[in-house]
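Heads up, the next two complexes both have subunit A, just with different partners, subunit B and then subunit C.
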Partner chain A sequence: MTELEAGRAQALAPVRGGAALQRYRDVLIALVAFAVLASLPLFTGSKALLDFVIRCSAYGLFATSLNLLVGYTGLTSFGHGMFFGLGAYGFGLIMQKLGVPIPVAVVATLAITAVIAAIIGAICVRLKEIYFAFVTLAFQMLIHSTILSWASFTGGDQGLRGGIPRPAFLGINLANHIHLYIASCALLVLGLLAMRQIAQSPFGYTLRMIRDNAARASFLGIDVWRAKLTVFVLAALFASMGGMVMALFVSGAYPEFAYWTISGEAIFINMLGGVSTFLGPMVGTVLLLLLNDTVTRFTEYHGIVLGVVILFFALGLRKGLLDFVAEWFSQRRDAGEGR
Partner chain B sequence: MTRTRTPGISRRSALALMGAGAMTFAAPWAARAQAKTIKIGMPTILSGRVAQLGTSSRNAVMLEVEKVNAAGGLAGRQIEMVVRDSKGQPQEAARVARELVNTDGCELLLDGEASSGSFAVHEVARDLGVLCIHTCSEASSLTADPKQHIPNAFRCVRQGIHDSIVGGSYAAAISKAKGLKKWATCSPDYAYGRDTTGEFTLYLKRFAPDVEIISESWPKLFQPDYTEVVTKILQAKPQALYSCLWGGDLTSCIDQANIYAMFGQMEVFAVNMADYTALTVVKNLPKGIHSGNRYIKTFPTTPENAAWGDAYKAKYNEYPTNWSWQNATAVMFLAEAAKKANSADGKKLAEVLKGLTIKCPFGADGTVTMRGDDHTLVGYAIGWGTTIPQEPYVPEVKAGDWKTIFELEAEWKKSKGYT
Partner chain C sequence: MLEIRNLAKSFGGVKATNDVSLDFPDGSLTAVIGPNGAGKSTFFNLITGALRPDSGQVLLDDVDLAGRSPPEIVRHGIGRAFQVASIFKSLTVQETMLAAVSADQRTSAVLHKRFPLPETRDRAEHVMELLGLAGKRHRTAATLSHGDQKLLDIALALVLEPKVLLLDEPTAGMGPEERWRMIDKVRELWETQKITVVFIEHDMDIVFKIAPKIVVLCYGRILATGTPDEIRNNSAVIDAYLGTDHAGAAA
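Now for the complex of A and B:
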C-alpha cells in the first residue's frame, strides 16, 4: 500500500464504520417495528385495525418502491401500478392454476415481474421526464387492456374469481387472519429494510447522482442506462410484492389493480408523505388510507375532501408531510446552534 | 423570560385523544351490545359514473326497510342500514364489506356492487361466513359457476343469460316476420358486452338459423364519440342492429345516431333501453326501438308494480332503476325469510331463503323465487317491447317464457361445464 492509499484508507475507516452502524441501526429499527406490529393483536381485537395494517403493507411497499424511482432517481413513472397488478395477477393465477406452495408462487411471480420489468424498462429508461412518464403509462394501459381482453385466462373485467387458494406452509396458514396479518407485516418490514439498504448503498448514491446530474454521472464512468434499468426492475419487484399482499387480502385480483388510477394513488401518496425522506411514502400511505377510511364513513363526496387535502399539501406546505417535518426540525436545530 | 417547558400537546388534549382512541376501539363492542336493532351493511357505488344506480339502490332499500320496520322489523328487530361508498373499486368494496361486519357490527350484507366488486364482496362473505345477498351484479357466473357457490351467499338480480334467451327468441320472431336476415351488433368492448352479445346472437341464430351477422362494432366503455361506429353500421347496411350499450353510452350513441337518421333505416334491438335512466335522458327517443325491460312501472302490468314505481317517484322525485327493484326485492326476501325462521340470524335466514317463493310486485306471476340449487333469483318479470317517445315509453311488453328460459339455461350451464 502506498502512503497515499494508506492515508485514504484511514480517512475512509470512520465513514465505513458509520455506514455499518447505520445498517445495524436500520436492522434494529426494523426488528423493533416488526415486534411492535406483530404484538398488536395481543392488545386489540379490532380486525379493522389489522385489516388497515395489511392494506398499509400492500400500499406502503408499492408507494415506497415508486419513491426509489421518483425520489431517488428522478424517474417519474405514471405506470408503476402495472407491477402492482402483475404481482396480484401473477400470484393469483399461479395459485389457482398450478396449486404450488405459496413461497414457490411468490418467487415465480417475482421472477415473472423481473423479466417483464426488464423488457419494459429497457425501452422506457432511455427516455427522459415527460416521455418516460407517458411511455410507462402506455405500457400500463397495454397490460390493463391485456387483462381485460384475455378473459379466458384472467377473468376479464370480473377479475380472478373463486378465491385464491392459501394452503398452509411451514406452519403458516394465510387463510387465518392473524397469520396473514403477521406475514404482511413481515413482508412490509423486510421490503422496507431491503429498499433502505438499496437507498443507502453506493448504488443508492449513484441513483441520486443520476437524478441530480445524469450527464455528470455519465462522464464519471457510470453506465446511467444500466443503473436506471436496475432500479426500475428492483422497484417493480417491491411493487409486485405489494400486489401479492393485496391479492391475499381480497383473495382475488381485479383489473383495477393494474389501472392507471392505482399509479395515481401511489403518486398522491408520495406527494402526501414526501419524497426526500425514506419513510415519506409510508407516512403518506398511512395518511391516505386513514383519510380514505374516515372520510368515506361520513360522506360520498370524499373526492372534494381529498382534493382540498391535495391543495393544502401542494399550495400550503409545498411538500410532503415528512419532508415538512424534517425541514422544520433541521431549522430548529440550526436556530438552536445559532447558525 | 425563558420558557421552561417546550410547547407540546396539553394534558386536556392528551386525555381527549385517549378518549377518542378508546371509543374507536370500543365501537364494535358497543355496536354489538345494542342487539335490539339489526344492522345491515351495504357497500355500493355512490360516486363516479354509475353513482346514480348506487343511489337508486340505496333509495329502494330505504323505502322497503321503512315498511319492514313499521311492521315490526326483522323478527322483532328494527333494521338499521349502514350504506357506504365503494367507488366501484373491488379492493375498496372488500375493505368496506369487512369494515361493515368487523367494525360496525353489521350482521347481514346487501352487496350493491357491480361486476368485479361483487366477486370481491363474495370472497369477504366466504371468509367471514356472513349472510350476503348480491343485489346488482348480473354476471351469470357469480351463481352459475359451482366454484363460486357458498352456503351464505345469494343473488337477487336478473341474469345476463336469462336476458339473452328471452331477447334471442323475441328478436328471432320479429326477424322471421319481417325478413331481417342481415344483422349488425354494437356493444361495449369488455366482458359484459362481448358475453351478452355472444349469448344473444347464439339464441337469435338458434331460433332463426338464417340470420347472418355482417358487422360488429366494439366501442370502448365510456367512449364519448360514436361517429365512427354509426358510419360503420350505416355502410354495412344491415336490416337490424343489436346493442347492449347501457347508461350514458347508450344515450350518447342514440343522440349521435339520430343525426344520421339511423333508426329509420333498420330495426334496433337495445336490451338496456327500457330503463328510466336511459329513456328520460335521450333527447329525441326514436319510436320503435326494441328493448328488454330493465325497470318499467308498466311491466308487469299489475297495480302493485305501478304503485311501487309511483311510491318511489313520490319519495325521491325520480323513477326507479333496474338496480332499485332488485334491491327492494332483496329486502322483501329478508323480511319473509325472517318471518318464516322467526329469527334474524344469518344462518337460519340462509336455510329458509333456499327455494323461498315470495309475493313480489316484480314477479312474472306476482311471485319470485330464490332457486335452491344455485341461490339465484328466478321468476321475475322479463320481456321485450318497443319504445314510444313519451310516457309510458314502452306501452306493451311481450313477456318471456320461464319454461323456455329454464330449459335453455340448463343447456347453457352444461355447455359451460357448470353442471
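Now for the complex of A and C:
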C-alpha cells in the first residue's frame, strides 16, 4: 500500500462505517427516548405533565416536518398548518362518520393528505421564495374558509363536536389516558426517526443541494421540481400525523387547527429551536409550549412576552437555540484540532 | 462528436447567437474567444439547455439535444462549469462529490438508505484526487479559496463522466500564477480523461499556448476558426479583436 492509498483508506474508513453506525445510533437514541418517555407515568401521576408531552408530540411532529421544507430544502411555507388541520379534520370526520378502526382512519387520512398535498404542491413548488410563501398561505386560508363555510359537514366555527370515537384496537384503548400517552410518544419517536432517515438519505442530500443552488442541481441531472414536490408531500404527511395526535388528544377538531396562525406557530418554533439541526424544531416545540403555559398563567398579555422572546431570538441571536449550541460545539472542536 | 448546426438565439432585436455551425470532434480541445458581449456564454447556455435556441441543432453523437432541459442534456453527456463557481456552499467537498455521483447514478431520490451510498465512493474519490481536492474533503465548500471553488465546480461537471466538458472561463477572477495552474490542470484533464473540452478564455497568451483549435465569436457570429497561427494572422480577427500587439508578436 502506498502512502497515498493508506491516506485514502484512512480518510474513507470513518465514512464507510459512518453511514451504518449513524443509523444504529439514531435508532438507539430513539429507543432510549421512547423508554424514558414511556416510563414517565411510573414516576409521576401528574396528568398535566403527560398532557404536555402529548401536545409536544403533536406540535413536534408538525414543526419538524416544516423543517424538512424550511431547513433542508429552503422552501419557506407559510401554509404548512393546513396539513395539520387536514389531519385533525380528516381523522375526526372519518371516525365520526364511518366508525372504522383507528388504524384504517389513520391510513385513510394520510392518503387524503397525500393527494391534496400533491395537488397544492404541484401548483406551489414551481414558485420562487416569496411567491411560494404567499400561495401556500392562500391555500391555507382557502382550506380554513372551506371548513368554516361547509358547516353541515365540518361543524363550521364550532368544529367537530361530540367527541371522536376511539374504539380499542389490538389491545390499545386510546380513550384511556395512559394508552393515548404511550401511543403519542410512539408516534412521535417513529415519526422523528422516519424524518431523520429522510434527512440523512441520498434524497436528503438532494434537498440540501436544491436549497444551496437549485440551478446547479439541475445541471447535475436532478429534477428539481419533482424533488421539491416529493418533500412537500412527505412533510405534509408528518404534519397530518401531528394533527391526528392533536385530534385524538382533544377528541375533536377545531377551525383554529387549520388557521394560518398554526403555520405561524410552527415557524416560531423553528426560529426558537433552529433549523440547522434535526432536533432544533423539537427543542423549539418544548420551549414554545413551556413559554405558552407559564406565561399565560401570569399575564393575559402573553402575546407580548412571546413576541419579545421571538424578537430576541431573531434579532439578538440571529439563530435558534440548538443552532447556537451546535455552533459552540463545532467551534470548540475546531479549536481542539487547531492545538 | 458534438456538432452545432445553424444555432440561433435572439434577445429582442439583438442576435446573441447568429447562425453558428461548428464541429467539435471527440477528444478535441477548443478555446472560444471573443470580445465582451460576443455571445460566448449564450453559446454555452444554448448547448447546455439553460436557454432554448430559436432554431438550429445541437447534435451529440447524432442525437439532437436542442431545446431539451438541462437535466436531460447532462444525462446525454454534456457537462459544464460556470464562470462564477456554482457550488453547494453548505456541503463539504466530499459530500458534494458523493451527492453528484448519486445524481448521475439516479439514486438521488433514494429514501430508505443512508447517504452516502457505497457505490458512489470510487468515482467521487477518483475525481477528488484528479483535481487535488482530496486533502480538503472535509472542508465546507463556502470556506474554500476562490481557486478551489472553481476546481470544485469543474469537479462537479467531471464527476458525471461527461463526453463533452464546457468550461466557462475557468480562470476568471484569478491572479496570473493561479491562472496558469488552473489552465495546466484543464490541459492535464483533457489529456488524461480523453474527453472533448471546450473552454471560454480571455487571456490570449493562455489561449494561444494551449488550445490546438480556436473559435472567435463576434456579435454572435463566427468570425474565424483555426489553429493559433491561423487566428493570429487572420486579418478580420486582428481588426475586430486582437489589435496589432499580438500580430506584431507573432511576426
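Following the convention adopted for this analysis, the second predicted complex is superposed on the first by the 322 of 339 C-alpha atoms of A that agree within 3 Å, B and C clash if a C-alpha of one lies under 4 Å from a C-alpha of the other, contacts with A are read in each partner's own complex, and residues count from 1 in each chain.
We adopt the following convention: a contact is a pair of C-beta atoms (placed from the backbone, for glycine too) under 8 Å apart; a residue touches a chain by one contact, two chains touch by 3 or more.
What you see is a predicted model; the values in this text were computed from it and never measured.
Partners subunit B and subunit C, once the complexes are superposed on subunit A, both fit on it without clashing. Of the two partner chains placed by superposition, only subunit B is touched by A:Ala48; subunit C is not.
In the superposed model, A:Phe91 makes contact with neither subunit B nor subunit C.
In the superposition on chain A, contact is made by A:Phe257 with subunit B only, not with subunit C. After overlaying the two complexes on the shared chain, residue contacts for A:Gln22 are found with subunit C alone; subunit B is out of touch.
When the two structures are aligned on the shared chain, A:Phe132 is found in touch with neither subunit B nor subunit C. In the superposition on chain A, A:Phe78 makes contact with neither subunit B nor subunit C. Geometry note, superposition on chain A: angle between subunit B and subunit C about the Cα centre of subunit A is 140 degrees, to the nearest 10. For the pair subunit B and subunit C, the least inter-chain C-alpha distance in the overlaid model is 29 Å. When the two complexes are superposed on chain A, none of the residues of subunit A touches both subunit B and subunit C. The touching residues of subunit B, when paired with subunit A in their complex, are 25, 28, 46-47, 51, 84-85, 87, 89-92, 94-96, 98-99, 102-103, 115-116, 119-120, 122-123, 126-127, 139, 141, 145, 147-148, 190-192, 194. Taken together, the subunit A residues at the contact with subunit B in this complex read 44, 46-49, 51, 55, 148, 151, 156-159, 161-163, 246, 249-252, 254-257, 293, 296-297, 300-303. If you check the complex, the residues on subunit C that touch subunit A are 48, 50, 69-71, 74-75, 79-80, 82, 86-91, 94-95, 98-100, 102-104, 106-118, 121, 125, 129, 134, 137, 156-157, 160. The touching residues of subunit A, counted against subunit C in their complex, run 8, 11-12, 15-16, 19-20, 22-23, 197-198, 200-206, 208-209, 211-213, 215-223, 226-227, 230.
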